[in-house]
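Could you have a look at this structure, given as structure tokens, before my questions?
By written order: A, B, C, D, E and F. Residues from 1 in each chain.
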């Protein structure tokens, strides 16, 4: 039994550090280690469909190598667009979990009406296609963008304000009773949001690490196709 | 951090023992203990809607007590009809996971077309209502009964033969690429089925323990309503 | 041919009296009598999932007795959560109708976009699960709570004001062209609402009595499972 | 309070006589009379989309006249294609019920998986459009044609054999737990089918008379649009 | 190879002239001619379900004649209610395209969330039934009426203002990323709307001419039933 | 006005020649030229998710170049997995059409129940995700694989036999009333299949060229996101 490898497919190390901190509660003495790495070939941020499909190659190479060398026993792709998810499953017979898929499925166990916070408005149609593809769209009551430029995400205070305002609209206006953070690396805002909203708030990377551990421990292998 | 309590809501201890064995891979040195108990007030088997709703009272009392005394930090209701799931969430603010819900959501991360093996044919309409209620029905390509009387389940050889025949029909005729065992306590047949079918086979109690651990470690609380 | 038994599963006699008045137009000289009774074992009001499942036992006993003694030929469970509906069908081979199910199906014959008035906000997720379970969710454009505490329902003037405000939002903002009153015993507000809104307003108990009479007269028996 | 007018929109009097017999159990001493009439301008049988839309004019004139003269208080259009249903609602403010709509909604209260027997294979795509339009398609597990020419329907023995064979396939192969007869005038086969199949069998005209009576007695008016 | 016949099923020649102008870009030297005609038997405007079904007869006769005389090789029914669409397919084996169907399918290739501008509010429930019947409803995020009386449509300036206001609400509030003009003859407003909204705006008659040309050139024949 | 560029994203020239022949009927004297090209960087066949995402880069570069140089005015991606479709829309503001999307939408205008012939069984889960993502799944009654290895596709006689057998199962057993060929370059089998099956058979590349011409002539631009 080796590591769960959490891959940040963009090249921004600060995001990887956020992931590292987020998954801390799953680091148990006798449990698999959780190693968070940065995909150096990735762009600074994944913002377009081209960005998504461009990381598939290096992502699959990384996963194939770690899988062959038995240095990892399960993989988490830590970007809410689930880049390369189905391709990666073709290069390893170990579990590969996408954070969007895991985040949405976890939310479906916590509330009836899922609200999603997106970073950028242009990601929403892509997410909607993904929610429909996985059959989760009937559970989604709204997805709303944060309304911040990517560079502004470094400003924690502004980010917190916008997260709160966006999530409040999802809950109080759209009727969401569970909220999913539609991005990687925002787990630290969960307590503040849950205290204000009184609904569960899902960090999708945390959810995905849970799926990876379960799949690994019980020997569940996703289908390659 | 205390135990994950897995409750067998029927009074048949042999089933509880099967659960105990099934969840073994999640018993990690530094992780929460997993304690499997039998609901002594339950019927020998849960076969009707009345059976399901009759265990809600004792189940909620057990959960309320363990929750108040802090002897358990998360609960799994280990019957594929998810008896008392939403009622139990009203008596504790700790995670309560139903194995049907967790089993189906886990299957949705492993394949595109879910096939379900039911024990009894009369459970199928009830399961269909539940799959529709949770929005999973679009992913289900078939549910088929085992064709065995409950007393015959003790005969492992017969059970294995019928499981194999039923799951083969789901995969080869209905097109399932992931199979869910629609009952508690059949995890031991997974390796045999996966070897024959070449698709992942989900034991819902194993899946539920994964959900419980994730919810517990990351502080995810399902909505009470 | 004996009675249609309308059962108020809560113990509040005033509600039963409201039901009695509501079903009056179906009391025709040559038709089955309609008898409205109070389930004395029920709670004063059914507000939680535990309340719902707690009445299943006494409700089934009442139905089993009246069915065996041939003192009733059809049963209506007059609470919008349809408590014990599927369990009750296991104890009699006579028709058992739930007012939620009948109210929603009737609304589907009267308009294209159904709006529902709930008493309490916490009932809405439960109703949504039920609408999805029966496949009616695609027809629902909104469900909104009355915004009154249960004790305030005794104040007819306040109740009327809130009903009107809630239903107007469903019609004018959500686009409902038929409204269902998501509770038992509010039929007397129908004329006022229909006059104001110019859309049909369904009292679910009235709808259920219609289903019961049809099933009884034509010998339609619901499936036990 | 005047009649419920059941209109056979084809000109075949034998069909009208079948309707007349089918609705007999709803003729109660104190209840509205049920009058079954033949639309003399209709074709011998309604088999094509042109047939359906061609009867809209005369059907609306009949309904408008009876409505204006107060000789009928509710209308049933007794053809499973629900010809002229939404047009008729524009010419009267009294309830107009289509037997397809009422038959399907009634079936949804009796079982989870609806099977439909069609007379002609070419009607099935039309029915599917209608089931989808009303949001009932998720509940339909199969529709199968009788495999008889219209002229052969006069042969009761052959019709009974084909009905039985078709309904058995719906129940035993497609998993239907309630069957709808997808045509008018076949109520007399219900007892035979129910005895053989052990599932409820819905005659849509009987169901529609129930809806008409309920709507009439409780003053429910469908939306004109 | 003969004409594509675009039929305005109402008798207002100004609408036909609008169609004529709208389809101009598909008039290519070597391509089939596109001939726009007025159905003289039609009403001035098609506003009710009766209007829709009343034009089926003359529409089918026109199509049958032109089809038999080989003066047209494909037909477009240019009214957003698709009057007589399925009936017309029974009288010719040449392609018959409805503008609603073609407009919606075209929109589904241009954006993820379809918004529809209706002329009259009372058409919306009818459109919803049609969207559901064709399985497009999951892609529709809103339909909103123009809020103009039919006689006011002659006032281009008022119409333009109302179109803009309605489409802006669909895009900015409902989240539409493609807009369909839910009527015939408004193509001339497309450039103005697209410039303001920055989303594609579909004129359904233009879309339908595209479908007709494709079907004709590749020999695609819709099913008669 | 310049060319419609049809891109075969695999490197097999024989497939491109098949496309060239298939689109011939849309080559009209005054219409845009249709130019079919081979993506030389593509693999011999696109069979895996990695293959699909690997062609996105070169495909986008080709489209960006031809778009910038104004040597093409619309693009068709001629592989049934629609590789790079949403990425390509980010590099040009000209129409980009995927043959899967266009083929399915065209089929939805020709029949009620769509059947799809896949080449390889492992493509089916991927197609199902795509059909769900676009909201077309409710119209699909079956997808079945040809049961031939890719190298066997060169044998026209065997291919024809398998196509016929597969399509017959879709029509006669699954109830399809329109069939889509789930691959590029099989248009030449359409006449044979249509003659045998009596249902329309859609070649998706032909359908896509129709969408491209319509979008181009009427100035319809898909959303970039």
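Heads up, the rule we're going with is that a contact is a pair of C-beta atoms (placed from the backbone, for glycine too) under 8 Å apart; a residue touches a chain by one contact, two chains touch by 3 or more.
Quick caveat: nothing in here was measured; it's all calculated off a predicted structure.
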## Note on the structure
Co-neighbours of subunit B and subunit F resolve to A, D
### Query
Out of curiosity, which chains are bumping into both subunit A and subunit F?
B, E
### Query
Taking shared residue numbers divided by all residue numbers at the interface, is the value for subunit B and subunit C over half (same) or under half (different)?
same
### Centre-to-centre distance between subunit E and subunit B (centres being mean Cα positions), rounded to whole Å
51
#### Entry: Intercentroid distance (Cα basis), subunit D paired with subunit B, Å
42
## Note on the structure
Averaging C-alpha coordinates per chain, one finds the centres of subunit E and subunit F separated by a number of Å equal to 26
### Message
Among all residues of subunit D, which ones touch two or more of the remaining chains?
### Response
111-112, 124-125, 129, 132, 134-135, 138, 177, 223, 225
### Query
Should the pattern of chain-chain touching be classed as line, ring, star, complete or other?
other
### Summary
All chain pairs satisfying the touch rule are A-B, A-C, A-E, A-F, B-C, B-D, B-F, C-D, C-E, D-E, D-F, E-F
### Touching residues on subunit F, where the partner in the complex is subunit B
124-125, 128-129, 132, 137
### Task
Would you tell me which residues of subunit C are touching subunit E in their complex?
111-113, 138, 175, 177
### Task
Would you mind writing out the residues of subunit A in touch with subunit B in their complex?
25-26, 28-31, 97, 101-102, 105-106, 108-112, 134-136, 138-139, 177-178, 190, 199-200, 202-203, 206-207, 209-211, 213-215, 217-223, 225
### Message
Using the touch definition from the top, list the residues of subunit D that touch subunit E in their complex.
### Response
48-50, 52-54, 56-57, 60, 84, 86-87, 89-91, 122-126, 129-130, 132-135, 223-225
